[in-house]
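In the two complexes that follow, chain A is the common piece, with chain B as its partner first and chain C second.
Right after this comes the complex of A and B.
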């Protein structure tokens, strides 16, 4: 009798194992397409990058020489690479606080159910987000150009004496790019903030009003601490996205004037795909791209660690 | 009491003036571009700020559509967008179903790898991606563009589908199992109709992203102008015709108007998708 029971449970577990295998097989069948595309266009390319970065290779011919870490040691001495590297981080350092502040301001203004026309405002602020960055960049070259409407208006209003070459002057070019990107992406971060603000219960505001807090006090002492965790995620997303910037820079300044706005993406593009500086160097460009990709991941992980440590104390 | 009411009224109208002012500044570049695309060259230089052309003309559109191949670019953009959206939708929906409903070996590893990909910049994979497409003999073709555009992790869409399918009650699946459906039939007949709202969001977001893509089509069509999309086509056009401002404005208008229209009608889905992404 005892024996029979044991036999029975064993049989059941065998059945379970088969069932389990079946589930796994089906699941992987469902995953196949996504995993396949991922491997082909993301996983395999990353491994290839590592291989390319050890080669001296123009990409035009099949003869590539293995050079070991020579590309990396050359990178360390490459002033233009470090210039682009520094510009990428300068750009990040400027845009993250500005973007977070402006988008939070807009979100806070719109997070008021009694406000009429709030969906119209939201649509207006969001339109730059959904338009093509490269097209916007090209149009902005005209709008900000010496003969463009912005300079025209500033001169007409006597704010400046003569037109400013926003993009052609190394002093203003990077800042101008920051302002344009700020305008372009602000809507996304506004929506993120709105999602966070909607998590703040209404009675919190009521309680604050009863306690006699004005809008500014309510915001800084009550709302801000409550949405700070969401803010941490938004800051990380914003930082990572800002390091990926390419379209706007490529179309507005091509990294100029004199490499003043050259970021890693434009640097890699120029080194790998453009013939303006001689033969393309796929191996060397791969090393630069990998080095930078590694830096971005390290920074992402670092920010994440800071964020989780901070949220422990709050 | 009355004083307080007037004060509040003043404050509300101040808010509206502020928000509307920002809003107008926000969309001014697009209004300016659209206005410029209907201006003649001489008028463009005479009337730089104005948003109403005195003598509207469609010459700019006709010129770039026929002579600068924007007709081809427009069709290319539509083809690449439509097909890559279909691929992305099918693959994220299926993967999201598996990850949301079942525990299988490797599920968490897949999730972790996909999530980690958020941090990897496209520039770090673009060179080998180009080589992958080259080895398929697809450089400069629309198929190459479609496939590489559909590649990558699409983390947001995966998360949206995964969390949606996690919330579907178990009973539905069991019922269809009793009716004799296998996994695929259950997915096809029961789950797919349910996830329409999420699918709509994914379609809208990916449509806009694919339409706006720049780096991939730029690199993949470097030597083949006939496959350019609008985003790349306008950039190339600007490089060749720096003085044709009204033509460039017309090209820009052709490139952004379709997505703006799509967005205005479907913005609820887009906004929900973005908000859902940060929540999960």
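Right after this comes the complex of A and C.
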């Protein structure tokens, strides 16, 4: 009797296993394409970068010398690498709060059902996102130039006495890049915030209105706590994207003047692909990219942990 | 449970193998795996499609002569209906990135130039090029200026690999806008630092924020490097041409009195507010445009500006002058242009014969590419007969004359020692470079440029010594004790050092 029962159990579990395998097979099948692309376009380059980072190699010849961790130790002494490292974080520190606040403000405004033409406004704010960054960069160089319209307007309105060299002066260059990036990218984050805001049930707004809350109170006491988890995700995305900034910097300042806007991506690009004397250093640039990548992962995990802790209190 | 484990391990193994298999294309770090398969290109020469039409792929970065090149391709394809030319023009950096990938995947273009920074010897060792001797005629070779051939640049021994694009001419004369000078009441073109500073100051004051003294493509460190080297050489310094290495009194000559004088001159211009404020945000072509629009009186660039202005700004009233020198200095010269390796035929090209025919047409008078470029003022051709016949542009003639009068051939280590090719492969850039320091001075980010130059000189000396040691070359090769900057450095001078 006992044996028969055990046999039955085994039979059932086998069936379950087969069914589970079938489900898993479907999952793997659906994921196969994504996994394949990941291996091709992410996994393989990462593996290559790890190997390159251990080589003294220009990227142009077939011969490379294995140097172990020498590239990493040299990085630690490289003032320009640390300058770029610091600039990347300065940029992140400036743009993330601005990006989050401005995009949330826009999203909250444009989430108002009573606002006429809100689709038009949403499109308008989203247009810079779909504009190529390099094109934006080139145009902005002229718009913000000393003889460009921005300076003309500021002088004409008596806001400044003489034109400001927004990109050519080390004092203003990074801040100018932040403002341009803010204008260019806030449409993306506005869409994220809108998705979060639209997840807030209507009855919550109605209840708040019945309780006499005005629009500001509703936002700070009702809406903000409800969309905080979404905000955490947006903050992480924004922080990681800002640390990867390249195109705007490359087209507008090339990391100048005198490395004032040099971020890790421009540092890596310059080291990997150009040199004034001798050959470029792809191996060294790979080490810099991996080192920074590691730092970004650590920061991402840290931010995620903070987000999780904060969400417990909200 | 066991099956699941086996499945997991298998999957990890498959993934790992997939990843590691892909790494087969990585660089060799020496040892047994470094062998390469040598496919004789000529064996595939008959690989012609059924319709009999072949495609020649040509890639380079000749943006200055794009319109002439397109006209040439059109004419060439009309006269060679069996040839389709697929021409791709990239920037220098794009080319550098792309060509390596193309060659590694075995899909290199049929005709392409040697990337900046790579020596011909290294490119040949990497099996990028094949000799063109067997494909070109003697008449073709005879038409070139003998000075356009050089060991390590066009030839390696008896093998001819590349053709230079142009006769080397200095890239750093100063263009001036005659109308802007006249508006400021300036009648004499400046020749010394103090005169130049005075004129720039006067023009800037007269311009009321709309016109400045000097403009340049400050975003490009290579242009800033050329500016610094030219000014220092014109001040009497022993400085190598851009991208090259020479030492003076055993050290990298970045902190010499002449280099410091040149940097001081740039700093004076910056402090006077005479440098166009957008200089730091723009590249050379943009600076060229703003100069033509009358936003600055001086621009330090090369001959390639001339055709662009003649086409786009026919009313621009401009001239060309020598690099200014410090007050009281005379009989000094800038570095004459150096021959650079240019275009050659890919070793694995399936159509080397057709590629050689393309090159012969590119350098012939009949197809008009060389003649139109010379006529427009784009460059001085490596074919002397074409220069004699077509060099009619007055500014170009002035440029060429001033360049010849104010420049001298400087020694090169590649000509002195074959190991210098390996040195250039080994040596690493020291940063902040000379070009970056000029950027720092113009943007007023560097106040004490002397200590920055001292540091660059010290670090460059250490790096050059290390690179010499690594390739087994005597550091003394970098020094030319018999070099007199007032005269051309000749073969006899090289011989005297042996």
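Note that the second predicted complex is superposed on the first by the 274 of 314 C-alpha atoms of A that agree within 3 Å, B and C clash if a C-alpha of one lies under 4 Å from a C-alpha of the other, contacts with A are read in each partner's own complex, and residues count from 1 in each chain.
Everything that follows uses one rule, which is that a contact is a pair of C-beta atoms (placed from the backbone, for glycine too) under 8 Å apart; a residue touches a chain by one contact, two chains touch by 3 or more.
Not measured: the values here are computed from a predicted model.
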| item | value |
| --- | --- |
| Joint occupancy of chain A by chain B and chain C, clash or fit | clash |
| Partner chain(s) touched by A:147 [first = chain B, second = chain C, both, neither] | both |
| Touching partner for A:64 - first (chain B), second (chain C), both, neither | second |
| More chain A residues in contact - chain B or chain C | B |
| Touching partner for A:34 - first (chain B), second (chain C), both, neither | first |
| Chain B versus chain C as contact partner of A:94, first or second or both or neither | neither |
| Partner chain(s) touched by A:134 [first = chain B, second = chain C, both, neither] | first |
| Partner chain(s) touched by A:125 [first = chain B, second = chain C, both, neither] | first |
| First, second, both or neither for A:273, with chain B first and chain C second | both |
| Contacts of A:80 with chain B and chain C, given as first, second, both or neither | second |
| First, second, both or neither for A:48, with chain B first and chain C second | both |
| Set intersection of chain A contacts, chain C complex versus chain B complex | 43-44, 48, 52, 59, 141, 147, 273 |
| Touch list for chain C against partner chain A, complex | 15, 18-20, 22-23, 26-30, 34, 36, 93, 96-97, 100, 115, 117-118, 122, 125-126, 209-210, 218-222, 225, 242-245, 276-282, 286, 295, 424-436, 439-440, 442-446, 467 |
| Parts of chain A lying in touch with chain C, wherever the complex brings them together | 39, 43-44, 47-48, 51-52, 55, 57-66, 80, 141, 145-147, 162-163, 165, 167-170, 252-254, 256-260, 273-281 |
| Chain A-touching residues of chain B, taken from the complex the two chains share | 12, 15-16, 18-20, 22-24, 26-27, 29-30, 32-33, 36, 45, 48-49, 87, 90-92, 94-95, 97-99, 102, 104-107, 110, 113-114, 116-132, 147-148, 150-154, 158, 183-184, 187, 208, 211-212, 214-215, 218-219, 222, 230-232, 234-235, 238, 245, 248-249, 251-252, 255-256, 259-260, 263-264, 267, 270-271, 274-275, 278-279 |
| In the complex, chain A residues that touch chain B | 23-24, 26-31, 33-35, 37-38, 40-46, 48-49, 52, 59, 106, 109-110, 115-117, 120-128, 130-136, 138-143, 147-149, 152-153, 183, 188, 191-192, 194-196, 230, 233-234, 237, 240, 243-244, 246-247, 250-251, 264-265, 268-269, 272-273, 282, 285-286, 289-290, 292-293, 296-297, 300 |
